[in-house]
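Across the two complexes that follow, chain A remains constant while its partner is chain B and subsequently chain C.
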Partner chain A sequence: MTMWLPLLGLILGVSLGLLSDIQIPQIYSNYLSIAVLAALDTLFGGIRAHLQQIYDDKVFISGFFFNIALAAGLAFLGVHLGVDLYLAAVFAFGVRLFQNIAVIRRVLLSKWSERSKVSETKVQE
Partner chain B sequence: MNKAINWKFTVVLLLIGFMIAVQYNTMEYPETRDTRDIWAIRQELAEEKKLHSELLSEIRDLDNTISSYQSLSEASAGKALNDTVDKLRRKAGTTDITGPGIVIEVRPSAESIAYGIPITSISSDLLTRFVNDVNRFKGIDMEIDGKRYTVMSSIRVINGSTSVNGLNVSTPPFKIKIISPTMSESEKLYNYLLASSIHDDFYLDNLVLDINQPVKDLMIHGWPEKFENLYLEEQTKGE
Partner chain C sequence: MMRMAKKMSKDKKRGNYLLYSLVFLVLGFIFAFSYRTLGKDNSESAQSPTFQQEEQYRGELIAQKERNKELADEIQSKQVEIHKFEKSFSENEDNHSFLVNEAKDLRLLLGVIPAAGSGVRVTLMDGDYDPVEQNPNDYIVHESHVLRVVNELKISGAQGIAINGQRISSNSYIKCTGPVIKIDGRTFPAPFVIEAIGDSEVLSSSLNLSGGVIDGLVYENIVVTMEPMRDIRLPALRDES
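Then we have the complex of A and B:
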C-alpha cells in the first residue's frame, strides 16, 4: 500500500500545475524541459538504486537538485555561447534514463521469476 | 520501502509532476500577446458602442409597438396590427414611397462617345459595388432603372446582360433613385457621393455618374411581385 503515496504525490503535483495555470515565458521553456528530464533521470536512478539496495538518501536528494541546476546551467551557458549545449544534457540524461529503466526492468523480471519459482516449489510440496 | 524514503519520493514526484504540468501548460497554451494599441482598442470600443446603440433603438421601437398594442382598445387592435403590417410592407419595399431623395443618372462618358466606343450594359460587379457603397447609409430605399431594390433583390448577369430582380437594366443612360429618411440625410448622401471614389470605378467602364441635388418629394415604386410565403402558416384562434 505504501507504493500509493508517491503516486499520489505525482497526481497532486500534476493537478496543482494544471490548475494553477502557471506559464513560463517561451524563452525559458528550454530550461524547464531540460530540468524535467534531469528530474526524471534522478527519479529513475533512485528507484533503480532502491531495487539494487544501494539507495542513499543524500545521493538521491542532492542528485535531484544538483542535476536540475546543472542541466539548466548548461542550457544557459549554451544559449550565451551560441552552442546548443542543452542537447548534450538531453543526450546524457536520455541515455541514462534508458539505462536506468532497463536495469529496473531486469531487476523486476528476476524478482518476478524468483517469486514464481518459490510458489511452484510450494505447490509441489 | 520504508516510510522516510517514501516521503522523499513523494516530494520529488510532486515536484516532477508540477514541473511537467507547467511545461505542458507552456507548450499547449502559449500566451498570446495583446498587441493592440490604444487607438485600435478605442476603435473596437466605438464599434461595440455603435452596436449597442443600434440594439437600444431597436428595443425602443419594439417597446413602442408593444405599448401601442396595449393602449389600443380591443376594437382597434386590428388597426394596430394593420399598422404593423404596413410598416413591414414598407420595410420590405412593396409599397410606393415618397420622400426626400436624390436622382443619379448613369450615362456614357464624353470620351467614349467621342471615340465611338460601343456602349455596353453596366457590369454587375460595378452595380453591386455602387449599391454596397450607398448602403453604408442606413434606412435608404433605392430604385435602379425603375426596379425597386430591396434586401431580397438580386443583381445578376442573365444571358450576358445585367439584371436587377431578374429584369434587365437598360444600357446607359438610366436613372437610380435613392430616398433617405430625412432631407439632411439625403444631403449627407449627396455630399458623400460627390466626393466618393466610386466615380473612378465608373469612369474605368466609360461611364459617368451625374448626381443631382436632393429634392423634397421623390417617388419610387414598390416591388410589384408578391412574396411567396413558404414557411408560415395561419394559426386558427385558440380553442
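Then we have the complex of A and C:
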C-alpha cells in the first residue's frame, strides 16, 4: 500500500497545481521554469543513480529541494544584480539533464543486450 | 536485535515513501502550476491588457463614427425626399404654397438641406506680420471676427451661411481653439471663407457700411475680401461628430 503513496502524492500535486487559483506575475515566471528544470534534473539524476547502483535517499531528496531552492535563488539574485543568471541555471540543468538521460539510455541498452545474450545462450542450450 | 533492525529498516522505508510522496507532490504541483500559468501566458497575454483595451475602444469608436455617418446620410436623403414631396404637394394645391415656402425658408435657416442661390462670399485672411517684432494675436483672424461677419450677415437677411463649407445653423457654435476655430466640433484653419445666400446687394452694402463690420476688421489688420456671387452652393448641415 505504501508503494502507491508517491503516486498519490503526484496526483494530489497535479490536481493542486491545476485547481489552485494563484496567479503569479510575469516577472517570476523565470523562477518557475528554473524550478521545473531543477526538479526534472534531480528526478533523472535519481533514476540514473538507481540504475548505476549508487543511489542514496538522502542525496536524492535533499538534492531535489536544495536544487529547486538554489536555482530559484540564483535567478532571484540574477534579477537583482542585472545579470541573467537564470540562463546559467538553465544551461547547467539542461546539460545535466541530457547527460543523465544519455547515461540512463546507455545503462538500459547494456542491460537489454545482456539479457538478450543470456536468452540466446539459453536457446543454444 | 535483528528484529529491531528489521523494524527500523521498515520504518525507514515507510519514511522514505512518505518523503517520496512529498517529492512527487512538489514535482506534480510545480509541473501543473507552470503548465497552467506559463502555457496560458504565451497564448493570451502576449500583448499588454491596456493595449488590447485601447484597441477595442478604438474599434468601437470607429464603428460608432461610421454608424453616425450612415445615419447622417440617411437623414439628408430623407430631408431631400420630404422636400420633393412638399414640392409636388405645392404643385397640387396652390393654397398651401405659402406654408410650403415658409417651411423651405425655415429649413434653409436650419441648414438641413443643401442650398443654392445668389449671395456674397467673404474671405478673412490673417494679416502680414513680422513674428519677431509684432504680436501675432493682433494680426490673426479670431473667432470673434468670424462671429461678427456671421451676425451681420444674419441680421441683413442671409438665408444660409457656411464657413469653409461647414453650414451654420441657428444651433451652431463657433469656438476659438488657438490658431484655428471650431465650428460645431470641427476644426478649421484660416483663411475663412464665409458664404452667405441672400440678396447680395443688401448683404454687401450692410457689410460695407462705413464704420461697419469690414471697416472694423480692416482696422484690426485682417485682410478682408468680399465679392458678390451669382451662384453659391451650400452643403447641408452635417454634425456627425
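In this text, the second predicted complex is superposed on the first by the 104 of 125 C-alpha atoms of A that agree within 3 Å, B and C clash if a C-alpha of one lies under 4 Å from a C-alpha of the other, contacts with A are read in each partner's own complex, and residues count from 1 in each chain.
Note that in this section contacts are C-beta pairs under 8 Å (C-beta built on N, C-alpha and C of every residue); 3 or more make two chains touch, one makes a residue touch a chain.
Just so it is clear, the structure is predicted and the values come from calculations on it, not from any experiment.
Of the two partner chains placed by the overlay, chain B and chain C both lie in contact with A:Ala35. Within the superposed three-chain model, A:Ile24 lies in touch with chain B and with chain C [touch as defined at top]. Within the superposed three-chain model, A:Gly13 lies in touch with chain B and with chain C [touch as defined at top]. Using the contact criterion defined above for the overlaid structures, shared-chain residue A:His50 touches chain B, although it does not reach chain C. Touch criterion not met for A:Thr121: it reaches neither chain B nor chain C.
Taken together, the two complexes place residues 2-3, 5-18, 22-24, 26, 29, 32-33, 35-36, 39, 43, 57, 60-61, 64 of chain A in contact with chain B and also with chain C.
Of all the residues in chain C, the ones that touch chain A in their complex are 13-14, 16-38, 41, 45.
Contact residues of chain A toward chain C in the complex are 2-3, 5-18, 20, 22-24, 26, 29, 32-33, 35-36, 39, 43, 57, 60-61, 64-65, 68.
Per the touch definition, chain B reaches chain A in the complex via residues 1, 3-27, 29-31.
Across the complex, chain A meets chain B through its residues 2-3, 5-18, 21-24, 26, 29, 32-33, 35-36, 39-40, 42-43, 46, 50, 55, 57, 60-61, 64.
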